[in-house]
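Each chain gets a letter, A, B and C, in the order it is written, and its residues are counted from 1.
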Amino acid sequence: MTWLTWRQFRTQAWITLGILVALAVALAFAGAHIASLYRASGLATCTGATCSDLTDAFLAQARAGFTGPVRVLAVGVAYLAPALIGAFWGAPLVGRELETGTFRLVWTQSVSRARWLSVKLALLGAATALAAGVVALVVTWSSARVDGVSGRMEPLMFGSRGVVPVADALLAFAVGVLAGILLRRTVPAMAVTLAAVAAVQMAMPTWIRAHLVTPLSRSVPLDPTKGAGIGLQSDGHIRVWIEPHIPGAWILGSTTTLPSGKAFDGIADPTYCSRSQSPEKCLDWVAGKNLHSVVTYQPGSRFWTLQWIEAGIVVALAAVAVALCFWALRRRAA
Amino acid sequence: MIEFHLDARSGVSPYLQLVQQVRHALRLGILAVGDQLPTVKDVVATLAINPNTVSKAYRELEYEGLVEARQGVGTFVVRTFGESTLAAQGPLRDELAAWLDRAREAGLDEEGIEALFRDTVRAAVGRTS
Amino acid sequence: MTTAIRTDALTKRYGRRTALDACTLDIPAGRVVGLVGPNGAGKSTLLQLLAGLLEPTSGTATVLGGRPSSGPEQLARVGFVAQDTPTYSGLTIRDHLRLGAHLNARWDAGLAEARVARLGLDPDQKAGRLSGGQRAQLALTLAMGKRPELLLLDEPVASLDPLARREFLGGLMEFVAEQGATVVLSSHLVTDLERVCDHLVLLAASHVQVSGEVDELLATHQRVTGRRRPHDEAPAGTSVVRSGHTDRQSTFVVRSSVPVLDPEWAVEPLDLEELVLAYMTQDVVDAHDLTVEVSR
């Protein structure tokens, strides 16, 4: 069974290996170049306010030249790899056998259907984890210096590093196999797989990831004379906001509150704040309110915690898909 | 060794065709005592027929005492219709040829001759059995 | 006499469509069984149920004493050649033989390789490049390499030209002569099978119409012709399979275990094709009543 699995998979395996090597080489060059930029930037030894300027300069350099496109490519590959694995390894695994009728050949050899599927899933599942792992590893490694400065909690960055791409790939593979079994056609199964993977990659950061661990919140005094923005809306309400900055954290949102902790309703006193009054008058009025901005966020220190929890959930979903594969294969009618 | 062939349209069952072909070969001296018949495996491979058909034909020939199956070796001819029948064939053939000439003179065509011959054979078989 | 295949009220439905209805069979071991019937009669469904590729909706199938595909041991005893003889187009003949060796504990590499050599096939040829006949031979070789006690073949010769057909069936019969295996092969044409099968199962409209030893079937079925008379005045002691009438003449295909001696009737033997046709166009009576079981 191992031999047959390898024999049917080896072409894809060689192609994948080629792509991985090319990717690793490109990212190794980019990573080494960024590391040298970092050493030259002096960020390692800076103190105080100079660090901020050095950071901006370093990030601008990292975005320029060939390292910028390579880094964009790296993120793209990290997101695409699961989808491609699901579509090109998962969907045809059983789907093509059902489509071409070869299942009637292979299921009437002296190997039970369940064992046939187990071996295929185990070997290609391992290959999936390995390939996605290599992608995630080289992306994580080559981005380490930039991530260390600008953070890696932003949804786009988070999903392309660590163990999440590996989990996504395993889910994509399992979903691909399941789609192949249920649809019994390779191409529709590939399409369904791509859609399913995209949906998971979209749903996770949009609705789920932020709540995996209760977010932290921080209250910052809102001083409209120092950096906070203020806007007078046509209905007479005013909006006060601040651009919260917490290094390395993923900012989920902020609300403006009164000192009592109640949310600021935005209803302004028209004797101070209206089209006919001067903005200064309104600013003074707002300052007198002693408003605070409560920022909710996930700190950078939770990167691995969130990675493992999300990966755990995705792998659990993959396990469900695998169980469904066995169930569907036993129940299917030719 | 002889090679069998089957005529699908003859109406004669395949097993009987095989029996007749062996008898025919014995009569014509194509097969002699000690000769081997094709193995069942060879016959079925070339004719694409059921092995039981061949076995049945060989069993019938064995029952008639014409051939003998030797375990693991094959089936061999143990008796022919004898020198006497072979020797008698020449004169009989001459007589038959003369008779055919007379039948034609009497106005019988090919079909009439065959019909008369077949009827007479059947009647004779009916009388002796 | 041991039984190779026994089915009891075996039924398979796809949704509301019944592919096989209450099929009851008892086939002795060592037979070459011709499974004959028009397209869509349920032949493929029956074979796939026996091979364990399908699960019955109701009823049971017992193959060589076991439930189909109930485990590796059962799978090893049954060889299956599917309709259109699917093979892996990207794999070579050699790869297919290695597949057989890796997936079958009882694989006979010598038999398989000898067969490929005798067929004049190049082991490095990809299966996708083979002709229909060569592909069928490859699929048959794979099934034979298992040394099965039962070989199931689904329309194996339907797409083959006469020469390839002869070679395929010749190879199959050679295997039967050597191994003594039981074989079931289906075809919608009885003429494809009449030389090779000694047992006939006729399926039509999802029902078994007739099943029995070929010799016995031929011996017990006759066509009788006589002057015109009503349907129920067929020769005494016979059951009518099919009747036809002109204004002067009545023709019955009858089944009878005793000879029809009444001089009123002209009696003719049937060949297998005529027998099959008679059952396929039989008088519309409840099909169950007409199902004839001829067994020793």
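We take it that contacts are C-beta pairs under 8 Å (C-beta built on N, C-alpha and C of every residue); 3 or more make two chains touch, one makes a residue touch a chain.
The UniProt protein names, listed by chain, are A = ABC transporter permease subunit; B = GntR family transcriptional regulator; C = ABC transporter ATP-binding protein.
Since the structure is predicted, the reported quantities are computational estimates derived from the model, not experimental observations.
Enquirer: Determine the chain that sits nearest the middle of the structure, using the mean of its CA atoms as its centre.
Expert: Centre-most chain by C-alpha means: C.
Enquirer: What is the chain whose Cα centre is as far as it gets from that of chain A?
Expert: B
Enquirer: Return the distance between the CA-based centres of chain A and chain C, expressed in whole Å.
Expert: Centre-to-centre distance between chain A and chain C: 58 Å.
Enquirer: Would you kindly tell me how far, in whole Å, the mean C-alpha position of chain C lies from that of chain B?
Expert: That gives a centre separation of 33 Å.
Enquirer: Take the average of all CA coordinates in chain A, do the same for chain B, and state the distance between these two points in whole angstrom.
Expert: Taking the average C-alpha coordinate of chain A and of chain B, the gap between them is 87 Å.
Enquirer: Taking the touch rule as given, give the residues of chain C at its contact with chain A in the complex, in rising order.
Expert: 14, 48, 51-55, 69, 71-73, 75-76, 78-80, 82, 84, 86-91, 95, 98-100, 102-106, 139, 142-143, 146
Enquirer: Using the touch definition from the top, list the residues of chain B that touch chain C in their complex.
Expert: 6, 8, 11, 14, 40-41, 44-54
Enquirer: Would you pull the chain A residues touching chain C in the complex into a rising list?
Expert: Touch list, chain A to chain C: 1-4, 7-8, 11, 100-113, 115, 333-334.
Enquirer: Give the list of chain C residues in touch with chain B in this complex.
Expert: 32, 165-174, 176-178, 195-198, 271
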